[in-house]
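Both of the next two complexes hold chain A, though its partner changes from chain B to chain C.
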Partner chain A sequence: MKVLVCIKQVPDMESHFKPNGSGTWFSESDLAWRMNEYDEYAVEQAVQVKEKLASEPELTVLSIGPDRIGEALKKAMAMGCDRAVHVQDNDSAAKDPWQIASIIAAYAKAQGFDLIFTGMQSQDRGSAQVGAIVAELLEYACVTTIVGFEFTGGAVTVKRELEGGIKGVARLKPPALFTCQLGLNVPRYPTLPNIMKAKKKEIQTIAVADLLREEPLSATTSFHAPARKGGGVVLEGDVGPMVDQLLAILREKTSVLR
Partner chain B sequence: MEATREIYWNIGHGVVLPMYLLSMVAVAALAWGIWRRVPRYRLGKPLNRFDSYEERVKRMIADVFGQEKVARVKDGGLFHAFFFWGFGLLFIGTMLVMIQADFFTPLMRVNILSGEFYKAFSLVLDGAGLLAIVMLAGLFARRFFIRPEGLETSADDYRIHVLLFAILITGFLIEGARMAVTELRQDPGLAMFSPVGKLVAQLFTPYAEENIRTAHRLLWWLHFVLVMGFIAAIPYTKLRHIFLTSANAFFAPLEAKGTIATINLEDESIEQFGAATVKDLSWKDIFDADACTSCKRCQERCPAYSTDKPLSPMKVVRQIGEQAESAPDGNLVETVGQDAIWSCTTCRACQDICPANIEHVNKILEMRRNLTLMEGAFPGDEVRTAVGNIEVNGNPFGLAFAARGEWADGLPVIGMESGQEVDILYFAGCYASFDKRNREIAKSFVRICAAAGIRVGILGKEEKCCGEPVRKLGNEYLYQMLASGNIELIKGYGVKRIVTTCPHCFNTLGRDYRDLGLEVPVEHYSTYLHRLLESGRLEMSPDDFIFTYHDSCYLGRYMDIIDQPRELLAKAGGRIREMDRSGCDSFCCGAGGGRIVAEEKLGNRINVARVRMARETGAPLLVSNCPFCLTMFEDGVKTGGFEGEIMVRDLAEIVAARLTV
Partner chain C sequence: MKALLIGEYREGKLLDTTYELLGFADQLGAEAVMLLVGSNDRLPAYGGTLYLADAAKCGEYNPDLHKQLILEAVGKEEPDIVVFMHSSYGWDLAPRVAANLRASQVSEVIGLSGGGFEVGCCNAKMRRTVKPATQRAVLTIQAGAFPVQQPGGAPQVQFLDPCGTGTVEFIGYEPAEAKDVDLTKAEVIVTAGRGVGKRDNVPVIQALAKALGGELGASRPVVDAGWLEHSHQVGTTGQSVSPKLYIACGVSGAIQHLAGMKKSDFIVAINKDRDAPIGEIADVLVVADVLQFVPALTAKL
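Moving on, here comes the complex of A and B:
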């Protein structure tokens, strides 16, 4: 059995984002990077499948990006993936979800993966398209935003999140692709022996040009902070005048006193 | 007639052979009893505690014969110390008698036990015997009638008390019987030098000499058998502490307080990190269990135990001993319990007070290392998040690392990356950098330095968490990653002196980083400012205020910096109202040992307990010297309902508010 986990390295969301030179994406200076939160659930689920099946499946983790993504791949391997595929691409941020999915599919096509896990979306771009498109390109069954996963008797039972807090249950047979949502599991913290072992695991590097055959279908035209829509007003001073000021504002700008 | 007495009076020299044979049997039983415990110690990992022989012997002598650590706690401790000295003198006296009777008399025909020396000898031993009995009575009353809370009494304690009383009392009875027949009649002047014996002798005077002599012989044998029993019983009862606790004074660590073994992460042969079983601990950790006398001093000072958390340092030490005996391959972490292991604040109160030189804290850290490094465990999800934040952004809050230096905007600091000359590198640490309340410490410190004309450099966004909280949570890997990053940076800038406002950074950079190659002198700002003030570079205009002062664990107990901060505050015009628990006896704020990033879910709150102690002094102001403490106390004031009653300030804020320029 072969399992693929697709992950992305994203900036920590507490970082200070600034537009890059062309104003079409964020600048990478002063950013802290980490594995996309939803992809951590994907890695954890894959490792749990492997543990349940007594280590039989081989777990491959794949990511697309520049050198820095090696850290995310190492973490996935420290969590339990067996090998990594690094699709070397210094310009991955400029690629649209269609291209990213095409790259993954081009790699996965000949590999015969039984299960593919990925996050339900990335924390930075948040398109939530890549997983579904990969499944489509590979003609795999696909369930998105799963919050429960069970593998028994060669079939998979998953729980997925629907609108309004309702959950749906689906049963399907491999090959299949799942996109993982918060609540699926608690990603493990890598143990030191596993971190050490991960350092010796294989990272296969593939140039993006060897896998990319598609043109983008969409383009990001602008990246900017939302325009300021007025600020708050802080009243200061003695209570009496402040009350008067407040009343004046309420009369002038609202209808509550009319 | 020269003052002396006939040794073996009424017993005869024929007793020498059986006496020595029985003594050898008793000593053999003692030696075998100790020797049979050695394999248990050997279960542990090797650790060299036989180096620096001379220093170790000196410490042992001070500890054992000086009774320094025992007598530090007056309750029980003074009784023990005086009993020890009394009993010790009796032992020496008996040895002198032996040497005189069986070596000097037969071999050299000299009598040292004569004349003035004999009088002094007789008086001292009588006094020592009386002292021992009175002290034993005190210990007896304490253990069986006063029954201090937490003091556990076992069958051993009953037996030992009876045995010791019997030995001391029969000793006096023998003396009294002998004196009733000899000195009282022949040399009443000499009897004055055995005042207790003389009193006891009066009990015998009404009886016929023959009867007294028979009683004397019986009592002599009884006393002898009891003493032999005492010697033989040492390794099989709590009395073993006579040897094992004394030996532990020799084995006590010589390195700086708080030293933690730095794991060599390059060593690929290591398969087990931390302690999962007792075999993963050192032999000394197992030995410690035998050296423990269950005096419960550690337990009653433990902030976790005092606030109803499932941790007693005494129990942990005992559990290690029991596990070594019953299941050396069993899961130690399970035996001790995760809740107990995570409850420790590493405040060192247990270890500091321990009269037996037991090392409690590192045992707990070794178990935490197993939990963290081998199992990826955390005390709670909030800790998992904080550790993740430290990994990604170098601070537990998860705030952007790039914002780390923003607290200093508009202040006279020099970014180290500018390459300008600085006098000190101020290692601000996470809390003073990011936490709004604690930024006041950093700002105050910089203002003080500016007033004293000190050029302060900061690492700004290049600085990362020093790694202390994660190291104390057992995550040696992350600690070393953070440490090596910081060290490389500091070395790269050619820093000559580092000052911290956080005692945790101070301990870590100043002591722990040494193992990883940082040699730059590191100082806490309390001593740094104290020096600036002494040298006249720093001037304050004092004003009168009343305060109480909290010694943070990592400044007071770990680094013995107790007077300088108090002197600084006194020079600022402060009048101190000490809490009962201050200096080396201070009570933790609850944030040590990585607990700063953990929620306190068990028992009641340590920080509230400490604020209550501060409030009880009547002082309206609580001054601390640590960002973690400040955080805990600000919270304790709110959650404990002390708002409006007591304020919390950092030492730096107090000084900064009184600068003359």
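Moving on, here comes the complex of A and C:
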């Protein structure tokens, strides 16, 4: 059995974002990078599948991007992935979800994965498209937004999260793709011995040109900060005076202080 | 321009968001036709063409079958855009339909701008303008971003008959976890976000809630990490609240959180990041470390 998990490296969302030179995405200077939060759940689920199955499936982690994504791939291997595929692409941020999905599908097609895990969305672009498009291109069964996963007797039973906390329960058979939602599991922290072990695992590098055959279907024409509505008061400075200012505002504007 | 709108139906009911799709088409000035996998007994109140398939036959969640039905309606109507809600139903189906049509998909549209669509990015901190490069586009729209069209009229129904079974077998629904805390009645809610740092700091937030005679709320990561029970969660997958005072402590303001609390009468946000999107809806944004500010505030009450 073979399992694939797809991850994206994204900036820390607490960063200050500035438009890049072309004004169509953020400038990469002064950013700290990490694994997309949703993808941590995907990696954890893939590792749990591997640990549970006696057949010890081979677990591959794949990411598309520039050199810096090596860090995210190493983290995934320290969490338990066996090998990594780095699709080298210095311009991955300019690719649309259709192209990213096409690249993944082009790689996966020849490999015959039984299970594929992705995040439900990337935190920076947040399109929630790549996973489902990959499934469509590979003609795999697919369920998005899973918060529960159980693999027994050759079939997978999943729970998908719906609005208001209701869940939908569904069953499907491999080959199948799942997009993982927050709370699906508790992603592990890589331990020091596993970080050391991960250093010895293989990272295969593939040039993006070898996999990409598609033109983008959409274009980002502008990246910008939202217009501030400007109605709110912003308090800054020392804690003591801010507490007094806030209390004065609450006394004036609300009826909750007794 | 012609829009094919994909209505939503769940647990035997037509969802009200269906009227937001009509509001969106109206704002675009598009001619609207609709498709619904629902029931002839619960038709949407609108005066146009409705392609209807029976949910009792197709299943309420059957992505392969629903996709086929949508593609069939696309073939008949040749719409310029196919529009879904950005909901668990919409984001699941839209990419499948788009990939089949080789059409551009724009996700979670919040506005229109110069021939393109405005969408959020970077956890709602920033915006992008996206333009489809294909003739036909698939869109998902953010709940609440476009006005609801008042229901009225009766549709001309064209029945669609599904064929085949699909690769995903829908088993049923599991109800939301029982709520032992009813946040909807609270006058004051003080919410702990991931910015409180760790479980051991939650009592600091709880102390403020108590001093104000209010309830303790939580953002999703706080619940996912097990610091608080799900019954405290505010947002699209938690509770929707509208207290007199809502204090968000270390909450960034992601759309799914805002959807559950933006109707609060007065909103205070305490965040060390001046750019945090919660600042867009807060009446007061206190730029500070929660662990310094909150205890100091509690001490003065």
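In this text, the second predicted complex is superposed on the first by the 228 of 258 C-alpha atoms of A that agree within 3 Å, B and C clash if a C-alpha of one lies under 4 Å from a C-alpha of the other, contacts with A are read in each partner's own complex, and residues count from 1 in each chain.
Keep in mind that, in the parts below, a residue touches a chain if its C-beta (ideal position, glycine included) is under 8 Å from a C-beta of that chain, and two chains touch if they have at least 3 such contacts.
Everything numeric here is computed off the predicted structure, so don't read it as measured data.
Q: Does chain B (first) or chain C (second) touch A:E252, or do both, or does neither?
A: A:E252 sits against neither chain B nor chain C.
Q: Who does A:E56 touch here: chain B (first), chain C (second), both, or neither?
A: Neither partner.
Q: I'd like to know which partner A:D91 touches here: chain B for first, chain C for second, both or neither.
A: neither
Q: For A:G126, select first, second, both or neither according to whether it touches chain B, chain C, the two together, or no partner.
A: second
Q: In the overlay, answer first, second, both or neither for which of chain B and chain C A:H16 touches.
A: A:H16 sits against chain B and chain C alike.
Q: For A:I195, using the defined touch cut-off, is the partner it touches chain B, chain C, both, or neither? Pick first, second, both or neither.
A: The answer is first: A:I195 touches chain B but not chain C.
Q: Quick one: classify A:W33 as touching chain B (first), chain C (second), both or neither.
A: In the superposition, A:W33 contacts chain B only.
Q: Look at the residues of chain A and decide whether chain B or chain C touches more of them.
A: If we count touched residues of chain A for both partners, the winner is C.
Q: Of the residues on chain A, which ones does chain B touch that chain C also touches?
A: Residues 14, 16, 186, which sit in both footprints.
Q: Write out the stretch or stretches of chain A touching chain B in their complex.
A: Touch list, chain A to chain B: 12, 14-16, 30-34, 186, 188-193, 195-196.
Q: Using the touch definition up top, name the residues of chain B that touch chain A in the complex.
A: The contact residues of chain B facing chain A are 265, 268, 271, 273, 372-378, 381, 384, 387-388, 391-394, 398-403, 461, 476-477.
Q: Considering the complex alone, what residue numbers of chain A touch chain C?
A: 11, 13-14, 16-17, 24, 26, 96-98, 101, 120, 123-129, 131-133, 135-137, 141-145, 157, 159-173, 176, 182-183, 186, 215-226, 228-229, 231-236, 239-240, 242-244, 246-247, 249-250, 253-258
Q: Residues of chain C touching chain A in their complex?
A: Residues of chain C touching chain A: 10-11, 61, 63, 86-88, 91-92, 94-96, 98-100, 102-108, 116, 119-123, 125-134, 137, 167-177, 187-188, 212-214, 220-221, 223-226, 230, 233, 236-238, 244-245, 252, 265-266, 268, 273-275, 277, 279-288, 292-293, 296-297, 300-301.
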